[in-house]
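Sharing a structure, written as structure tokens. Questions coming.
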Amino acid sequence: MSLLRPLSKLPDLNAANVLLVENEEHFQQKLADVMVNEKSVIVQVRLAKSLPLPMKQEKSRPRIDLVVFIVNLMSELSLHSAEASLKHLAPGYFLGKVCFMVTNARNASVPAERMEAVRKLASALNCPLLFAEDQTPDGVTNAAERLLVILRVAAGCVPMTTALFLSNLTRCTISTEAEQQNSDYDA
Amino acid sequence: MDRHTSVARTPVSSVVVQRRSKSHRLSYRSNVGTMSHLGYTPGFSKRRLTTSRLAPKHSRITEVNPEQLALLVREWQLSYVTPLYRFRHGQLKSYSRQLAAFMVSEQQQGVAAEVGLESALKVSFTLVAGMAQTEEEANTVFIQIHSKPPFSAPDDPQKLLWSGWLTSVGGNPDYLRSLPEDFVCLPLFCSGGTEGLTALVKAWFQQTFDCCFGPLEINSVNLQWLAALWTDCHARSSIKQLKLVWSLPAEPPLEVTYTVHPQDAWELWRSIRQPGERGGEEEEDGSVGLEEVACFIKGLKSHFYRHFRVELSAGRLTQVSTALGSAKHGGRLKISNSSYMITTLTLLTECALLKMPI
Amino acid sequence: MDDLKRRLLQRIIRTMPTQMLKTTLSKWARLNIEQQESLDFTQPKFLLTDQLLALCGESGLGVKHITELEMIYIIDNPNQRLWHAYQLLEAGDDAHSVEVTNFKEQFKVHLTELIRHVSIKIKKHTDEAVWIRIAWGDRSSRPNHLKPTYVVHHLQTPYVFVTNLTSKTMPLLSQALVMATRYSSMKDANLSGRNLSAVRDLLMKQFQQVFPSKHLQPLGKKNQINSNPQIEREQDEQSETRLQIACEAFGGGTLPELQKAIYTLETKLKDNTNKIMTEREQPFRCVVTFKSTNILESLRHSAMTGIASTPVTPMLSSISQKGRNHFLITDKGPGPQRKL
Amino acid sequence: MSTLGVLGHLSKLETQARKRKEAPPQQSGLEELKATVEALVIQRDQLKAEIKANESVQKLRSEDPDQSTGGGEELGEGADGSDGSVNSQLLQLMARHAQLTDLLHAHHLIGGYDIIKTCQGNGLCVSLATSYEGVYLERYSLEIDVAPKLRITRHDVPTFVPLARLAEQGGALQTNLRGFLGSLSRHLNGYAGRKQQLKLVKEQHKSVEVMESNAPCSILILLMTVPQVKDIAVLCKLDYTDHTHCLPEEVTIQSEDKDLLETTQWKNNCTLLKETPLHKALATLIQSGDIK
């Protein structure tokens, strides 16, 4: 039961490692298949159902630059599992190296309360929250593209910027009551 | 972002409302939120979700008039309707004729050939009194379509082909008040009959009142809330059993039906409601808190997990039923008992308002 | 009599698809080739019934022959009924030497001794099963051919599969069967399903069971997707273990089709967060039903994907391992073995 | 030659033959003895060498128990660390061979069952293979809980095998696991053998009709045709009362032609059916023309 640490290993040259965590192990494979086609950097994708990762591969595992939690809003378990997995990440990851990706957000049967819970979670951890369409190939490609943008930054492959900087712009926030009122009248 | 996609003929000026109600805003927001791919849009991310709803005092439950009883008979398919433009409660007779004529003409165009309209149709619009909770709220309208076989005697019973109703129970007064003058808001549409006929009726409403229909699903939180509401009622009116149906995403799909003895379900519910902050007299207040509901369902789920080690939360709740009524995720509802009919409809009205695209 | 003939034939023809009707009639072989060819299968079924009835009259075929037709159809299409399994207990010394002719004779003798108005038809099917059709009457009425009971038994095995049996006729059938097969009693096996062969395979353990082994068997589709060296599954080992456990609990390969599993729970509700219910004396009464087109496959899949936690509880694995789908669970009893 | 005549010639040959026989007896006797001595010496040397080899093999095995149990990845690189000659390598190999033979022997001693531990040592999984005439057939498995007492938790043994009875008989499961497995294995092998025979009959002898069979393949009724002026049908019932056997205990034959069954030939045929595997017996009958 060890924490996964962001800086415990040396990075590989021109390589970016992403860890996709998804309880259902369904969307992650599709994403991975698209992401590895990236030409500008060598993308290594590691897939997991939940954290912690097995100790056995500890040595062979490269430094993980970005951890993505995929949450299927249709399933309560999916959210619970992601919440439970978060405990196994070292705090350093939350400086721009974690993001949430939500699927099925458009589905009518998703209770608004669950969406709200994900939002709160993401904003409390200062992580970006991305929405993805997992049913169509286009949706998968789009989602992969978005992840790659963040990944390249997180892996240090983009000059002049850092993960922390990017996350300041992209993190999910929930405004306060007062702001809410204001924006109401602005509209 | 275009807010008026669904409204074609309505004058644009009358739609832009200065004060939008909370629940109204909510529906709008949840759509916006999912559309932007980064969910941080600060202005829209704050939402207020209902945490508890009041179930009315028993005194009100008893006053059920015969017209309302018609609403209890069958299982209804739910839809939401956007506000009706220039709908007049005084013109119901004329609407009856218009709808009948519309159906005949559609039939002649061959559209409705399959719905069995060979015989003469009789359409009736009636008012159902006592459903509206406030002054602003429009009265419920009940529609029936009867068929008259060509060679029948005048006193032969007519065959009921289709029935449906438009209602608003306990809609947000702020929102209702904010509507422009020419609009009547009856957001909940319940239909019973063949799909073909339902489609025809919807088409007529769309043409005549420039409104828009959409399916109204009942999500799991609301289903759970109904389960708790009905269970709460057991002390007064037996619920026979509490039945919950989950659908789990296995291959092939697995359906789990969880039927609980009414007394045990009720005791579990009471055990959750008892703690601390509630005084004795407050027991009568009838409000059903969402947290309590979550706790109730959690209790049921953990009992299940202890035996089967299967995660019900991996799937979704699709159906809740008791002797008082049943509700399905796909938007089918049956109210078998007048207790809590108003409460149930209040919830659904709220859901319909939330679902509306404008 | 003619009316009965008509109603019986009507019912058979109504339930049968036309294509099936053709082959079944030729199997029946009570009508000669010309008669069979003269039938017009394109006409509406009620007309077809009339035509068939006329042909039956021509060939002098009675109710007896028409029940034969029904039997042929049911044997070929057993899956439209709900089959209940029963278990024969305590085999006598000569139970192993009972053979078909002997069994037929004995069963008829014993059953007619018990009830006078009964019509029995026994047929040995090619798959070694003995099929029995029983139309029951009572003291005053003739056998009702419209509600026959069907019984399937494989000689020298302790199981009997029955459809359409009432509680009134159950003891009669039980006694006749027990005597004809030389067992001492018969009890409910708590298993039922629409697919006869599935019910049979489950009880006779004729499905692929998976046991722990030194060499991991190539179970299903593993690793086939993991071809790209840039993609690594961190928890491959765990998912393989889950797969193995799921297969050990429910079986490998294609599993027998069961539609339902029903558990009646009368156990205490224990919840750390709910003191009131945990301290309550009475059990929490509920009924849980699992439904699917194939519950064993659904459950196996659930265990593989983690919806059902591993190790799988005996509550679920008992379905395939004990061959049951009706359970009564109480706190006192030794778990799922409790009889319903 | 011609003057001696035939008889004369014969007598001459006779004397010649006699002479040849009598002449070298002494000498050949000696040679034989010498050869024996030589052979014995060779044998002694061989035995001596074997003893020596055996001794060194024993020494090798006792010296290096790790290697002897752990399987020999490092054959040849001797435990002796000696010359590494062909001889020592050979010795190594012999040691390994002896060890494997012992393992095999031990395997046979426990009855040839594959047993593995399950549930962290709280359970066993026994797998019994069946075979008939050298062909491996189905494998059956039992899962057994060890504590608090031995209990069969799961198995895929066919229902008609009286597993519970075998397990209870004299507490066989608790006290005599090997005996229990042995009798179970006999039942399973009996069943597998009968099933295989039936399968072969159906494949090889299409002219013989299997009228009836049951799940344990313990009762078979065959319809055979005896080719005579007019074909005669013969009904043959085979009853395998002892389910551990592959041969029937009882063979009864029925036919309309009572005289036929009284012939010694058919009585012999009955015995043949009792004593030979069914498919072979039928092959013989067909060959001899007794049946079609």
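Some points to look at:
As written, the chain order gives the labels A, B, C and D, with residue 1 at the start of each chain.
One rule holds for everything that comes next: contacts are C-beta pairs under 8 Å (C-beta built on N, C-alpha and C of every residue); 3 or more make two chains touch, one makes a residue touch a chain.
None of the values given here were measured: they were computed from a predicted structure.
The most central chain, judged by the distance from its Cα centroid to the centroid of all protein Cα atoms shown, is C.
Centroid distances built from C-alpha atoms place A farthest away from subunit C. More contacting C-beta pairs link the chains of B-C than the other of the two pairs C-D and B-C. A straight line joining the Cα centres of subunit B and subunit C is 42 Å long. Our note on geometry: subunit A versus subunit B, Cα centroid distance of 37 Å, whole angstroms. Rounded to a whole number, the gap between the C-alpha centres of subunit A and subunit C is 49 angstrom. Of all residues in subunit A, those that touch two or more other chains are 24, 77. Shared interface positions of subunit C, defined as residues touching 2 or more other chains, are 305-307. Annotation for subunit B: residues touching 2 or more other chains are 249, 311, 314-315. Here subunit C touches subunit B in the complex through residues 263, 265, 267, 269-271, 273-274, 276-277, 280, 282, 284-295, 297-299, 301-302, 305-309, 312-313, 315-316, 329, going by the rule given at the top.
Those residues of subunit B that touch subunit C in the shared complex are 248-261, 264, 267-268, 270-272, 274, 295, 299, 302-304, 306-311, 314-315.
Contact residues of subunit A toward subunit B in the complex are 24, 74-78, 80, 102, 105-106, 108-116, 119, 122-123, 128-131, 142, 146, 170-177, 179-180, 183-184, 186-187. On the side of subunit D, the complex with subunit C involves touching residues 114, 116, 118, 125, 127, 141, 143, 154-160, 212-216, 218-219, 221, 239, 241, 243. Contact residues of subunit B toward subunit A in the complex are 20, 25-26, 30, 33-34, 36-40, 42-47, 49, 215, 217, 219-222, 249, 290, 311, 313-316, 329, 354-355.
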